[in-house]
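Below you'll find the structure I mean.
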Amino acid sequence: MRLDQTTLELHSRGRGSYDITGEVAACVSSAGVVTGLCQVFLQHTSASLMLCENADPQVRVDLETFMADLAPDGDRRLAHRTEGPDDMPAHIRAILTGASVQVPVAQGRLALGTWQGIYLWEHRTGAYRRRAVVTVWGE
Amino acid sequence: MRLDQTTLELHSRGRGSYDITGEVAACVSSAGVVTGLCQVFLQHTSASLMLCENADPQVRVDLETFMADLAPDGDRRLAHRTEGPDDMPAHIRAILTGASVQVPVAQGRLALGTWQGIYLWEHRTGAYRRRAVVTVWGE
Amino acid sequence: MRLDQTTLELHSRGRGSYDITGEVAACVSSAGVVTGLCQVFLQHTSASLMLCENADPQVRVDLETFMADLAPDGDRRLAHRTEGPDDMPAHIRAILTGASVQVPVAQGRLALGTWQGIYLWEHRTGAYRRRAVVTVWGE
């Protein structure tokens, strides 16, 4: 069994989703694992990680539309506003969508479906540096 | 440490949830792992996997009711419609509920709670073939 | 490779979230794993586990407010009511937020971000005993 762990420094440019499949795939390659698993863990609570359709970018635009209605910025029901009107909605979005993704490794590569990509989903309106820990283990 | 990986071919018959606990349990048995973990990963973005109450089927009916109101088919806010009015709502449902489940293995079996089952949740209205990768590792 | 598995007995005191970071961290310490992963799995379908901001308790109050509007108790659309008006909303909340968390282990400790805590999120209004299986593996 092999185990490899790397920290990725990611840079968001405001609210939206960013394809990080390539960065994660590179960690799998350098780990030398043929069959196993890869976990990506985001060390933040106002951004998240998601597996999403990677063919039509409109899908991710529609996800923003959906979330903007579900957890609107400046929502008067929410009292945690010290960091701005987008902060508490960002926490809500992050909890609904998750801080980690786990993808099998097969034949030395991420065993993603044809239309699956791994995305950092920034929920704050500003630009942030985000850290993700990638752990790969297997044979 | 042992590690075993299998791909399950699942067949949905339209929107709804399908108990796959038996298929996953069979992978654990054949892996010969006594203590460890089992991951099930769905290679799709318009269906998901969930752990759900397995006693009263009404729970899963109510989940459909809830989701139908939260992310309704044909929602005019959403522009990704090339594959039909149920496609973008299916992506939303999948992202809110997740593409993988991870269950501990103890005493050679899935360490599920008494009322927990593993379900494929098909979010498209049509019937689809869905692939899930099951990875089991441990001692 | 080492692998260690422990069951935690948790006690909720009604709806709300409870910091269990210390209990999970103790499992990591006793496992003697330096680099690897830790999984916490809840054996229930009406409570969940979440990673949440641990600085301002108002965040978790706002999460309750959000969920109370999203999946209100006694919702007339929902028919699974034999265990009370809070039961089906609890299942919905649990499915939206997840039964497990996976956190990397680095330098012998949980590699959480500065503001991340691990919480048991009780969705039922009553007090319950909840069981969580903690599995730690790595080098």
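Order of writing sets the chain letters: A, B and C. Residues in each chain are counted from 1.
Operating definition for what follows: a residue touches a chain if its C-beta (ideal position, glycine included) is under 8 Å from a C-beta of that chain, and two chains touch if they have at least 3 such contacts.
Please read all numbers here as calculations on a predicted model, not as lab measurements.
J.: Using the touch definition from the top, list the chains contacting both subunit A and subunit B.
T.: The shared contacts of subunit A and subunit B, listed by label, come to C.
J.: Subunit A and subunit C share one sequence, so how far apart are they rotationally when you fit their Cα atoms? Give it in degrees, rounded to a multiple of 5.
T.: Rounded to the nearest 5 degrees, it is 120.
J.: Subunit B to subunit C: how many Å between their CA centres?
T.: 20
J.: Touching at least two other chains at once: which residues of subunit C meet that condition?
T.: Residues 1, 70, 96, 98, 102, 137 of subunit C touch two or more partner chains.
J.: Considering the complex alone, what residue numbers of subunit A touch subunit C?
T.: Residues in contact with subunit C: 1, 3, 5, 39, 41-46, 70-71, 77-80, 82, 88, 91-92, 95-96, 98-100, 102, 131, 133, 135, 137.
J.: Residue numbers of subunit A touching subunit B in their complex, please.
T.: It is residues 1, 35-37, 50-53, 56, 58-59, 61-63, 65-66, 69-70, 96-98, 101-104, 106, 111-116, 137-139 of subunit A that touch subunit B.
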